[in-house]
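After this come two complexes, each holding subunit A, first together with subunit B and then together with subunit C.
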Partner chain A sequence: MSYFYLFLQLISAILVAPLFDGIARKLRAKYQSRIGPSIFQTYRDLYKLLKRGRTKSHSTSFIYQIAPYLMFATTAAMFCALPITYESYSIFARFSDIFVIIYLGALFRFTFIISGFDTANPFAGVGSSREATIGFYSEAVAICCLIVVMLGAGSSNIPLIAAIIRDGNYGYFVPSYAIASTAFLWVMYVETGRKPYDLAEAEQELQEGVLGEYCGKDLAIIDVALMLKQFSMLGFFLILFEPWHFNNPILSLLLFLAEIGFLYVFAIFIDNFGPRFTMGKWMKLTMLFPLSIASIALMLYIIGV
Partner chain B sequence: MKCDKFIEALGARVKILEVTRQYEDQVTALVGLSDLPEAVRFLYYDMGGYLSTMVANDERSINKNYALYYALSMEGGKMFEGDEIAQDEKCFVTVKVLVSPENLTYPSVTPLVPACVWYEREAYDMFGLIADGLPDKRRLVLSDDWPEDLFPLRKDAMDYRYRPDMKEHYNEPEYEFLRPEGSGIIDVPLGPLHVTADEPGHFRLFCDGDIIVDADYRLFYQHRGMEKLAENRMNYDQMGYLAERVCGICGYAHAIACIEAAEKAINLEIPARAQAIRIICSEIERLHSHLLNIGLACEVTGNYTAFMHIFRIREYSMKLAELVTGGRKTYGNVVMGGLRRDITGVEIKESLRILKIIETQVEEVWDAVMDDKRQIKRWKGVGVLDKQVARDFSAVGPNIRGSGIKRDTRYDHPYDFFKQIEFDIAVVEGGDVFAREMVRYLELKSSVSIIRQCFELMPQTAIIVDPTFHVKPENFALAYVEAPRGENVHWIMQGSAQKVFRWRCRAATYNNWPSLRFQFRGNTIADAALIVCSLDPCYSCTERVTVVDIKSKKSKILTNKDLKDFSKTLKNSPMKDLR
Partner chain C sequence: MQSIYILFLLTSLLSLLLYKKPLFAQKIGFGLACLISLYAAVFFFSNLHETLMWKLPGNFITAPTFRLDSLGMFFSFLISLIAFAVSLYSFEYVKFYEKKANLAVFASLFNAFILSMLLVVASDGVFSFMLLWEIMTLLSALLILFNDGKGAAKNVMVYLGIAQIGAFCLMVALLIMASFAGSFEFSAFSKLNISFGMNLTLFVLLLIGFGSKAGMFPFHVWLPMAYCQSPSNASALMSGVMIKVALFAFIKFALFLPQTVQFGYILLFFGTLSCVFGVLYAVVSNDYKASIAYSSCENVGIIFLGLGAAFYGLGAHIPSLAVLGFIAALFHIVNHAVFKSLLFMLSGNIFTATLTRDMDALGGLHKKMPITSVIFFVAALSICALPPLNGFASEWVTYKAMLLGGMEPSVMSRFLFVLAVIALAVGGALAVMAFSKVYGAVFLGLPRDEKSYENAQEVSNIMLTPLWILATFCVGLGIFMGDVIDVLSKIVLSFIPATSFNQNEFISMPMVILVMLLCAIVPFVLLYLLKSNNKTVRITDPWACGFIYNNNMQIGSNSFTGDIRRALSFILRYESEITIDGYFSKAVYKRKIHDFFWDKLYEPIIRLVMLIADKIGIFQNGRTNFYAGYILVYLCMVLIFAYYYL
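Moving on, here comes the complex of A and B:
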């Protein structure tokens, strides 16, 4: 039965993600004085892409071919590692660990980067090196915040941390935890790769600089993988810092998807206005804020509050 | 008379063989071949000229020689306050030389006046005239696999229907980019299809890490040979329409420049009402072109919301064009002697209402964009065009006005109705993307005021004069128009039987490209697309696609309609009958 729920968790996320994307697009269009596409447009886009064949340039190797599947598998595993439909006593609970998610995230980024380099497209290469730089900026902040939470709760096991917070033994009354949550939300937003933190250096479309060479089926799979990654990143924040929960797995899944959808759609108020950041000028500058917030949280933890 | 002062000064410097006057403000001085570089340099730097155009011409049927015309706009160097020629003395001085068909060489002017570089490269491509001492002798206009000994604009070179055989794409010679010296430099090709403009142009960026050390570019992938086409079979009325199709954005400016060149060559004065409507149309064109460019400058930095709102406003300017001319984009109302279509009082009233909407909404959106510090930071300090570089390369339009040089054809050489209209020239110091976009915003405002003044002063005359006139062969004249991207110069030499002998169409961007590499230097790759965009480049596009099946080596031309239909229905695949 628990397998069924885990499966349901993944499938529902894949099925629902394009809908939230469509809602975000519609809302964005409203703010741009456009009518905008229907909220089901992302499904149609994916369907269209899935029908199309794949192309491959002469310079690519097998990495290019397996990368989409690898990316999808990584993000799917990442999403499954979020304890939404299962609890700390379930058999999957021991895999659901902060370190598992961090390393899966790193694996995803690695695959993403090498798939860009592998195409020998200069813009994909530039995009890849940017993606790596974003990783340097965001991972340090994320780790700082997570150290605070892990040491504060005394475990790196996510269901366990969630249970401790729900029981009221640890939570927002601890200042270091509360402050870490701010920096962590910020950095998770950066990880979703939305404007203004997407790649100004690459193509004009957000992360697509890296994906410049992908098309057809491959692109559809990567699109789904990217959406899943955005869901996992927002979910990672929600699980650690907003672990609301029902005893019924279906109900908690619905609640969780609604929360993610809310964050996903309302992020347009950040990404829709203003230009994107360049790596040199603004990325450095703005990433200093979450880093300092995370450092404050860490310091607060060390002095014991 | 105008120009005499310059001819006198030039005569003291070099030996002038012959002086001819084409129009009240246009004089041509024939000089000896060895005096050419000095004559052009003297007029350019010492007398304060800017290179407007250079025309190579095959005059073997007239005087057994090839001719080169270096047309300089005498308006003052404008490098500092007061460095400007008095308003009533501004004129065009053309330096002409004859190149004998035996040795085909002439001394290059480029080492002394860098602005000539593209013109002299083009003179080789089209006529086989070799500039002795030209530092950069690569092909400019023709494709790399063009036959070595075929120079298309020579009168005896080829029939306009002739197409040289294409090389297989893997046999095509590689274009050599000018690579800077040094190790650790990475090539980043931006193109052949430009990423944001989706237009053909290959920019090769040489980067050290993030920073662009140098750049080189190959353009003219879709050269359409319009000059050859016009020479052979078009009469003057048809040429206006052909010229309007030079560009998809600022075509009207080309149409009036082309027709006015022909009108000037026969000293034809057009009625005041036609003049006013020509001005209105070209200013409407400026409205939508500048709105397009400001919108794109937002879009390239990722600010889609501003882009969409600016394009919403742009729709009103198209509506305005529809009221005045009947067409949203290609107006097609210019003919020799005037216009084809008049406007009614009702249309003027409605136009004034739309103008008011444009004025208020542009201001609102611009204020919103200016409130966004992040947007301004993306624009400021990027792609700086140094004032001296702009001077050396004769840049035009918002590109040079953003560098603090007050150079505007409407002001320097007022044409048509501009003599009776008051307007401000937008000049902004700084030379970066921000300055150029600011110039465009200020020009939007002045365009609105110009259109309004034209409507208010609208003369009650006819719109066309009786177009019975006699074209005199071998007459030539320049016509100049301030298009949205800068000065467009057309040069027409008339031939017999109502046909042109030589038509030289110089679009504004042609003068802006050569200085682009200086704008690239020292910026990051992130800003490369933005810099190209801020130049408001105008590639020439075609609406036809060629589909080639590599296996069977057959090709087929698809029209725009075929391609659209196929994209919509996925039926009748164009590839079907190729296999």
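Moving on, here comes the complex of A and C:
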């Protein structure tokens, strides 16, 4: 039965993610005084990509073939590691670990970077470099926040942490936890790859630029994988800092999807706010803010507040 | 057991005797080394939990005893395992050096080097230990020199210099310990009655002594120099096992001292620094072998973090933390030995095929060397600690130990453990960057320099076999994480008495793999259900915004790290030089990375030593009558000294 619920968790995310993406696009268009596409546009895009033929660069090797599936497997596994439909006594509890999620994220990044190298496309290469640098920035901040939670709750096992927080033994009354939540949300926003840190749908050298040579069904799979990654990142925040749930797995899944959808759609209000940052200057400067917030949380933990 | 050592000695002598027929001697030397080390690996592994000892017969200055306990058995097993793979690889690989050196001597030194490492692990007295330790250093230095070339002398001198600083500290520490224990046998060392200050001094001396050999942070400068200089099989052996011998000896001697929590603090501090700085230089380096060498420093840092947790646990009387820390350290020691020697051997494949170490001149090698490329992919995944391979398994245990330590009430320990976790995570992110760059720039994309690409070809099957074996170990040690930890915990519990250990709270690696496999099936099912377009893929040029594509448009290893170099320019010093003459000629772009610590720490010391040597040189002027005068003065001084003080 637990396998069924895990499968349900994954499939529902795959099915719902394009809808939220469509809503976000529509809302963004309204915000910019455009009519915008229908909210089901992302489904249509994906379907169309599946039916398209493919071309590839003559430089590509086996990495080009396996990268979409590897990326999908990684992000899907990340999403499965979020204990939404299962709890600490389930057989999946020994899989659901904070470090598993972080290192699956690293595996995703590794695949992403080398697939950029593999296509020999100049823009893909620049995108790879950018992805690696963002990874360096965000991982440092993310781990600072996560240490606070892990040490405070005394484990790196996510279902256990969520249970401790739900029971009220640990939570927002601890200052370091409350402060860490702010910085963590910030970093997770950066990881979802939106403006001002990244721009998913334009300029070739940015994050999507890595995928410049991908097309057809490969691109469709990668698109779903990227959406799943954004879901997992936001879900990672929710499960650690807002672990609301019901005893019924289906109800908790619905609640969780609603929460993620809320964050996903309303992130466009930040998204539309400013231009993209240049990598050298503003990236460094703006990442210093969450880093200092996270350091404050860490300091508070260390001195034992 | 003695037969293993004797066989290595005989093989070494035999291949030396055959120096007139180097090709034959090379076959005998490496072939026998391979067989003996396979036998040794099986032997040591099957006797893992026993204690064996033997005495050297005959009239030596002392009567050296040799003793292997559980930990020694484990390290001997590791040495023989890696030696097996490397000697099988060398069987073909050394032919590359046929014109440069006598292969018989190479084979002989190779066997002697393995023997010296095994003996260092087994030795049980101060004199035999120091002697064998120095022999090991010398043999490794000679192995480096096989690849004689520009700058070889400097690289070897730096290596020997740092090794001598270490050996000096070791000698002092061991003599002090021996004088307190009243015996030169290590078995008498266990109950030392010394003051706190002396205890700490001894610990720092041991740390400098063994840390310098292991490539710990302030002493890491010799790693890229020595490893880039030496033939790849020698660097595989040095990085894979020689630095593990140093770590073994460190664990062994540090356990003799009375434990305090300060030991843990010192180890955590240096582990943290090694972790971050090692991998930072690995990222920005343009030489793939230097990248691999620098990442040794990072991995030694990770091992030191595990050891730091262990020694903290011993000092603060938290046996569970001590056990966990030692398991983490030993696990990472195995893993690092496997994937680092694998990577160095792979770098040997690349170098023999292309004759260049510059990543900006490589690219697209996957098409020429597909098997090397796939194995490199596995090795890169495992060194970046990506699930589900072995690097992840051991880093996870290290994290677990750090978390357990970070929950201690004292502010100092919390601070250091938290810093350690950050260093591990940042090191992990940078390792991903470093090795995705190495893999991408060397194997993927299109060749940047036709000349080195054209002659490249896949290496022979004999050379690929040990690589396959080690790659299998990379996967297996990850999947069977639970069983490996069981074996390691038995070893650890043999020297930390009265504790128990279980892994109920550990992640289950088979579950990780199962979920990933199930997730990997999903897209295929979806594609099938939605009837995707499966027509053959058309092949085109990469898109270059309408310009004619040129291979130099690809991102190179140099430009890939541009952003991170600028972001970290406060610690990474580099010089760029651009030469443009004329509109139609190619611009030349050169970049040189400075090792901050080489410039700030080592250069001044070297300059000072040179200055002193220069001044002392006045006395050595080559005139015999001056030398006779010196002897006369010296004799007079001895007489005066004897008259007044004796």
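The working rule: the second predicted complex is superposed on the first by the 298 of 305 C-alpha atoms of A that agree within 3 Å, B and C clash if a C-alpha of one lies under 4 Å from a C-alpha of the other, contacts with A are read in each partner's own complex, and residues count from 1 in each chain.
Just so we're on the same page, a residue touches a chain if its C-beta (ideal position, glycine included) is under 8 Å from a C-beta of that chain, and two chains touch if they have at least 3 such contacts.
Keep in mind that what you see is a predicted model, and the values were worked out from it rather than measured.
Q: For the three-chain model obtained by superposing on subunit A, do subunit B and subunit C clash or fit?
A: Once subunit A is superposed (C-alpha atoms), there is a clash between subunit B and subunit C.
Q: Does subunit A have more residues touched by subunit B or by subunit C?
A: Partner touching more subunit A residues in the overlay: C.
Q: Of the partners subunit B and subunit C, which touch A:58 in the superposed model: first, second, both, neither?
A: Touch status of A:58: second partner only.
Q: Kindly classify A:166 by the partners it touches after superposition: subunit B alone (first), subunit C alone (second), both, or neither?
A: neither
Q: Thinking of the overlay built on chain A, is A:126 touched by subunit B (first), by subunit C (second), by both, or by neither?
A: both
Q: After the superposition on A, what does A:30 contact: first (subunit B), second (subunit C), both or neither?
A: neither
Q: With both complexes superposed on chain A, which partner does A:135 reach: first (subunit B), second (subunit C), both or neither?
A: After superposition on chain A, A:135 lies in contact with subunit C alone.
Q: Once chain A of both complexes is superposed, is A:157 in touch with subunit B (first), subunit C (second), both, or neither?
A: In the superposition, A:157 touches subunit C alone.
Q: In the overlaid three-chain picture, which partner chain does A:195 touch, first (subunit B) or second (subunit C), both, or neither?
A: After superposition on chain A, A:195 lies in contact with subunit B alone.
Q: Answer with first, second, both or neither: which of subunit B and subunit C does A:44 touch in the superposed model?
A: A:44 contacts neither subunit B nor subunit C.
Q: So the two structures are superposed on chain A. Out of 2-10, 92-100 or 182-190, which stretch of subunit B collides with subunit C?
A: Stretch 182-190 of subunit B has C-alpha atoms clashing with subunit C.
Q: From the superposed pair, tell me which subunit A residues show up as contacts to subunit B and also as contacts to subunit C.
A: Common interface on subunit A, subunit B vs subunit C: 122-123, 126, 204, 279-280.
Q: Once bound in the complex, which stretches of subunit A touch subunit C?
A: Subunit A residues touching subunit C: 6, 10-11, 14, 47, 50-59, 61-63, 68-70, 72-74, 76-77, 80-81, 91-92, 94-95, 97, 99-100, 102-104, 106-107, 109-110, 113-114, 116-126, 128-130, 132-133, 135-136, 139-140, 142-144, 147, 150-151, 154-157, 204, 212-213, 216-217, 220-221, 224, 279-280, 283-284, 298, 301-304.
Q: Which of the residues in subunit B end up touching subunit A in this complex?
A: Where subunit B meets subunit A, its residues are 186-189, 195-196, 210, 298-305, 307-309, 312, 372, 374-375, 377-378, 524-527, 529.
Q: Considering only the defined contacts, which subunit C positions touch subunit A in the complex?
A: Residues in contact with subunit A: 364, 366-367, 370, 373-374, 377, 380-381, 384-387, 392, 395-396, 399-400, 403, 406-407, 409, 411, 414-415, 418, 421-422, 425-426, 428-430, 432-433, 435-437, 439-441, 443-446, 505-508, 511-512, 515-517, 519-520, 522-524, 526-527, 530-535, 537-545, 551, 553-555, 559-564, 566-567.
Q: Flag every residue of subunit A that touches subunit B in the complex, lowest number first.
A: Touching subunit B: residues 28, 31-34, 122-123, 126, 195-196, 198, 200-201, 203-204, 272-282 of subunit A.
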